[in-house]
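Listed next: structures, encoded as structure tokens.
Both complexes shown next keep chain A, but they swap its partner, so chain B is in the first and chain C is in the second.
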Partner chain A sequence: MSHADAAVRTSDGARHGLRMFLIWLPLAIVADLLIWFAWYPHMPPGRMTDQAQGQQFDIAVMAVLAAPVLLFVWVYFAYALIVWRHRPGDEGDGPPIHGNTKVQATWITATAVIVLGLFVFGTVQLIVPAGAGAGEGPSPIWKPNTSNLLQVQVIGQEWAFTYRFPQFGGMESTTLMLPLGQQVEFHVTSLDVIHSFWPYQLGVKADANPGVDNVAYAKPQELGSFTVRCSELCGIWHGAMFNYGHVVTPAAFQAWARGIQAREARLGVLAALPRYALTYDPTVIPQLGKDLVKVAGITGANGYYYPSLFQSGDPGDPVSP
Partner chain B sequence: MAIETTPGADRIQPVGGEPGGPAETRAWWRRPAVHTGLLGAVIGYLIGNWLGWLVQSTSGNFAQGLSDTRDWPVVLGYVLGTIGWLAGLGIFNDLGRLMVGKPLPDIEHAPVGGLAKYFRYTLDHKVVGIQYLFGMITYFLTGGLFAMAIRTELLSPTYHVLSPSAYLMVVGEHSTMMMMMMSSVILGPFGQYFAPLMIGSKRMAFPRLEALGFWLTPPAYVILLSGILWNGFPTGWTGYAPLSLQASPGMDSYAVAFGLMGISMILAGFNIIVTYINYRAPGMRWSRLPMFVWSMFTVSFLQVLAVPVLIAGFYILISDRTAQTAFYANQLGGSSYLYENLFWFFGHPEVYILALPGFGVVSEILPVFARKPLFGYKVSAAGMFGVALLSFFVWQHHLFDSGINPDMRPLYMLTTELISIPTGFIYLVALGTLWKARIRFSVPMLFALGMYFNFLIGGISGVFLSDVPADTTEHGSFFVMAHFHYTIMGGLIFAFFAGLYYWLPKMLGYEMNKTLGKIHFWTMFIFFNSTFLPLFALGMMGMPRRVFEYARNLQTLNDWASISSFLLGGSILIFLINFIWSTGFARVKAAANPWNARGLEWQVSSPPPPQNFAHIPVALSGPYEYGVKDAPPVADLNPPVGVVSAAYAGAGTEA
Partner chain C sequence: MSVPVRVVTLLVAFAAVVVVAVYVVVHYMVGTLPTVDYTHAASGGQVNVVLQEDPQNNSSSRPDWVSYYTMKPGANPMSQASWVHTTLFSVPANTRVNLTILGYDGCTPPRNNYWSQVQGTIGNVIAFQQFKDPGKPQGAVHVTPTLNGWSHCAVGHTFAIPSLHLFVPVGSPDASASLCSSSPCVSGPYTLEKFSFRTPSHGGEFRWQCFVPCGGGFIDGNGGPMQTFGYMAGQMTVVAS
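On to the complex of A and B.
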């Protein structure tokens, strides 16, 4: 190959590259502007808590980074498919290019830089708003910067969520009220199978594992209602396992919580409930008169929570550890 | 050089197998085939069932009182039924012959046979490939019907067509059937068929294991579907404990069926690894292997290393359900995290078991229709290795919200994001290959391009999921659903169809109808995107996976996706019509090399002769040397005397 040939090919290549760049650049700018100024302010689920806000920010930043990459590949493909399509009558092959060290090194460096940047960004975002709303297990390592925490225990069971408030005498409720501006510490656990506590607008998601206390944090910063759904398949009525909650003013929350506590105390509900604990074992049956009686056979119950020995009227031989 | 007067007389003769006995010549109904297999399955099932009741009734009060009283009979029935099926097919016959010292039948010179060979335990890799092709299409269509049932239910925000338990049954059957199918959909048909052809071998290393791998898939299919008789299983394809411990015996059918598929995957993986290492033709250096071979090679390692963990997990699950162990029961000292870890330690490599064959197929097809060498051959192979290696270090990103190991989240975020670098190599290779190419829009090329388009969306949405804060919103929602349907359906299945249109002329010897093929592509491409793109939005708007009930304001999008999915089903119907029409009725004979491709598999007739090659070929250059002036042909199919034996002798002394 002569030098002239090589020069022609290089300038030719530069021309194609420039064209692609000129098509891509305005598209990428428009896409990023649209993402940031049109989509991001209206991105579901809103900014009801600091966690939800942090997650929206993460998604928006990643979308701003991802859109140019996506568009680069699409513009390149579209350009190549149009400009370098096979013309009738041309039975020849393309130029035998086996690789290009400079292009390959650039690509690998660029993707590595983007990925490592995303990792640093994601880690910072994970640490700063206290675990990013994800369940951190029994001993959380990213905690909010305050000791003024409202503890809310979320108990999942087939197929409902109930909420207990240890700072209000361990009272229990099926609706979740939260005070505005108060840092909340969720303790999520389950009585039977794995559920997942997903108050959608709060930006919290924590699996409810039986026998495990899974902690997550959020701080409501807007008044309003939110939906709680189960996001881990938990059996037949998984789809119907949802209820609602509200972020209210601190005064309204105090009135509500104390009201429920007083009513449950009056009706004897608080006395009948198991003592507040981080996890519960529903195989412990206080009615059997012993403190710790385990009904064995939780594993093979054919869809019934308690095994058939109760149905037959024969108490069987519960195993007492 | 002397001119040969009697061609072939002094050439290297095909190396035969072991000295063999005569091939079987009994009447068809006396030879083992599907009908004797079915008989064996029934007998085995009855014995297993009886044995199960025996175990149940003799293990005393303990098991009687505590377990679901049907788990023992069901599990043993499934297992012994499968063994009976294999015995009926004659899979253990050669083992028996060896044990009593009888000679084995001569496989390599067995009569070719007609259609009947597809219904018996045939050891030719080309037969196994076609068996897999039809088997996997059956799986795919069944799973697809379940998918449309799901979308029918989701037409309305509350349950209307299916009851909640029927809905979960359909979700479980769809997801498990598809996952079982996807892990073999390319490795089965194309991997088995073309593995030896592409490396210039006459056979696979372990033809018996290969055929066994296929014959495990029909019982897996039947056993999984039989779960319907037990009202299915409520867990979806992930089978999370302790929900799985409460479930009806449908759960046993899930564990046994998926486990059988797992065994099939391990067997196929071992076979391919050994074949590629030991059965390459002389001159077929590692640097001359087609990209499809590299993808099969890396996938095989994933299968061999990851699937045993799944089988262990299911073994424990079954023992929890039958023998009343408590490995997964938190309140009895077990841990549901154990199952989650075992499952996803398999489950995430599994995701790449699904992705890599797709990469291999499109990388194989792209140079042929771009008429250019593959750009960055080594980068492409390195990308596959990188993906395969990293896939073992990411599984906990499925457990970001589970409460386990919060301090490890940055690490798993990093590894998950790192995996996008080698995946990016695949795109770099595609972009480089298309540069100044002469792109021919054949049907396989359209599907390959569709794969690149879809997988890009799937891959980039995966980066969102790898980020813990963003994942808190998206985890367990329809966003995840859309993401993995883009990578699996949009990636793997598009690649499967690319491979099907590309290789079917070679496999069956008939051309597929091009017009119907293009209609199939465009309808599938449009309706696939129209079905799954709205699901990203649904996930962002708070719709969890696997629910029959959703917020009313999401109905429009859901209906859009449902109607699109029915049209997508129609597109698959067009494929089916094309497939049946082209191979059953039109039967246009395919040329040996209809795409003018350089691959070694295209240098033999369509379909290839029984022994693949008359002589062991000698590879002379790489498979992608399009446009290279004076490039030697990919292989010499009639190598001069002594070359092959010299090569083998040389290899022997070097080793």
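On to the complex of A and C.
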């Protein structure tokens, strides 16, 4: 009997390879059917945006691919424990299987197909849905095929996110509202340390770095609420740096955005905000006409921020913008 | 080295490690600030809470840090004995909190002037008035929905409870005057600011913070007191009945 035969057919005449395959095959089919039809619709991060749906699909495909591999290991392990367990009086070694070209070729081919397939699949899934919800930096390579974009600037600061809408006069809000069916272009930045914008259910995650404009895309396709979290350790209140956003109908979004814009215009908030830009230098305040004073390179408190001339001057009317 | 000496050395080293560990746990992990209890001070569905923010504090370890103080319920704000160096206080649920802040610290512009807008108070306004000294008002009482910290030297700090969507700029006194130098402050120029908000109907812990980077000497002003309970970081405990 050759080495190859020894690997699949032992002296008892049993075809162990075939047995294991016949045990594994129905289990793998059942597992994949359960994953695809029962688990997939409930997998994170849901289907609130095209990006989230794409990530959900990716996770489901990965699970469908991984389940047969995992089951093969388990079936082999269980079969070996039961069939090839040590029996009283059996002191012999198992048959040597080194040099088995068939086993080696099967192993190398199968693993190569899996790894290269995942490489191609992962690359396509990153490119096709415009970056897969990840921050692509200031010059994104993968963009959606539309020029009808709602621009939303996400500003991280210790310890809250605020959102500016340049198409609505640059109004700013602590609440993130998005219209259903509208392609959104997030511009993520920070005013102090590194944060990370993570509206989990939207399938978006983008670092918020000071002085950097980090662009990510998503298109809401379900109404509902989502949670925005900071996913970069940023200080004592990092764990509490979250708020809630909502995907609403286009009409409701227009009403909300116009309402905030009108309110902030009426109160003078829009005039008090810096001109909309993709990044901000918080040590420059245009209203003061000059850079702020730094103490030993550090912007500080107790009035250190203000140039001395301003600090000793007339406080003026503190209410007007 | 003999066996007894080695055993004694080992025991002493072990004891030293235990002592250090206990010290760290007691002083940094389970050591808590006092909480000023306003739950029994509520009447008619309202409670009056008083805070002050100072350019320094009376601690022995960090006297140069800016800091909030919390007043004992119903006490005299012009007596130093009335103030507790803590940023923890408790209030009843489903209650109108009338918050008064005495702003003794000087002006510092917020990094984001969006925080000049008053949000989450009843009426979305604050009422504030500058004083040269206790009993010596400087100008009229302003009732306003904004306090611009960029165009005027007007904002010292903010008081914000983000989870309640409460964001309030806190006024600073006349920038030309010398600030109070002995905390808790009971003399010197200050701004008296008042606003009200409602506590939720359920109990819970609600963190509050300042959004003006006021940690002098730290990168971007966001370290030190900004990240330390008892200074510019605090917690409001809402107690359900």
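FYI, the second predicted complex is superposed on the first by the 266 of 321 C-alpha atoms of A that agree within 3 Å, B and C clash if a C-alpha of one lies under 4 Å from a C-alpha of the other, contacts with A are read in each partner's own complex, and residues count from 1 in each chain.
Everything below uses one rule, namely that a contact is a pair of C-beta atoms (placed from the backbone, for glycine too) under 8 Å apart; a residue touches a chain by one contact, two chains touch by 3 or more.
It should be emphasised that the depicted structure is a prediction, and the values quoted were computed from it without experimental measurement.
Looking at the shared chain after the overlay, A:L267 reaches chain C, while chain B stays out of its contact range. In the overlay built on the shared chain, the residue A:Q157 is in contact with chain C alone; chain B does not reach it.
For chain A, the partner touching the most residues, choosing from chain B and chain C, is B. Look at A:V248: by the touch rule set out above, it reaches neither chain B nor chain C. Look at A:N214: by the touch rule set out above, it reaches chain B but stays clear of chain C.
Once the two complexes are overlaid on the shared chain, A:W237 sits against chain B and chain C alike. When the two structures are aligned on the shared chain, A:V193 is found in touch with chain B and with chain C. In the overlay built on the shared chain, the residue A:A80 is in contact with chain B alone; chain C does not reach it. In the superposition on chain A, A:K205 makes contact with chain B only, while chain C stays out of contact range.
By the touch criterion defined above, A:V184 lies against neither chain B nor chain C after alignment on the C-alpha atoms of chain A. The contact surfaces that chain B and chain C form on chain A in the two complexes overlap at residues 192-193, 235-237, 240, 282, 296, 298-303, 305, 316-317. For chain C in complex with chain A, the residues that touch the partner chain are 55, 66, 105-109, 111-114, 116-117, 119, 130, 142, 144-148, 150-155, 160, 162-163, 165, 167, 171, 174-176, 179, 207, 209, 211-222, 226-228, 233. If you check the complex, the residues on chain B that touch chain A are 61, 65-68, 71, 159, 164-165, 167-168, 234-236, 238, 240, 242-243, 245-248, 320-321, 324, 326, 328-332, 336-337, 370-379, 400-407, 409-410, 413-414, 417-418, 420-421, 424-425, 427-428, 431-432, 434-441, 449, 452-453, 456-457, 460, 463-464, 466-473, 475-477, 540-542, 544-551, 625-629.
Those residues of chain A lying in contact with chain B across their complex are 13, 16, 43-45, 51-52, 54-56, 58-59, 62-63, 66, 69-70, 73-74, 76-77, 80-81, 84-87, 90, 92-100, 103-104, 107-108, 111-112, 115, 118-119, 122-123, 125-126, 129, 131-138, 140-142, 188, 192-194, 196, 198, 200-201, 203-207, 209-212, 214-215, 227, 229-240, 242, 281-283, 294, 296-303, 305, 307-309, 316-317.
Touching chain C in their complex are the following residues of chain A: 155, 157-160, 162, 172, 174, 191-193, 235-237, 240, 243, 264, 267-269, 272-274, 282, 285, 287-288, 292, 295-296, 298-306, 310-321.
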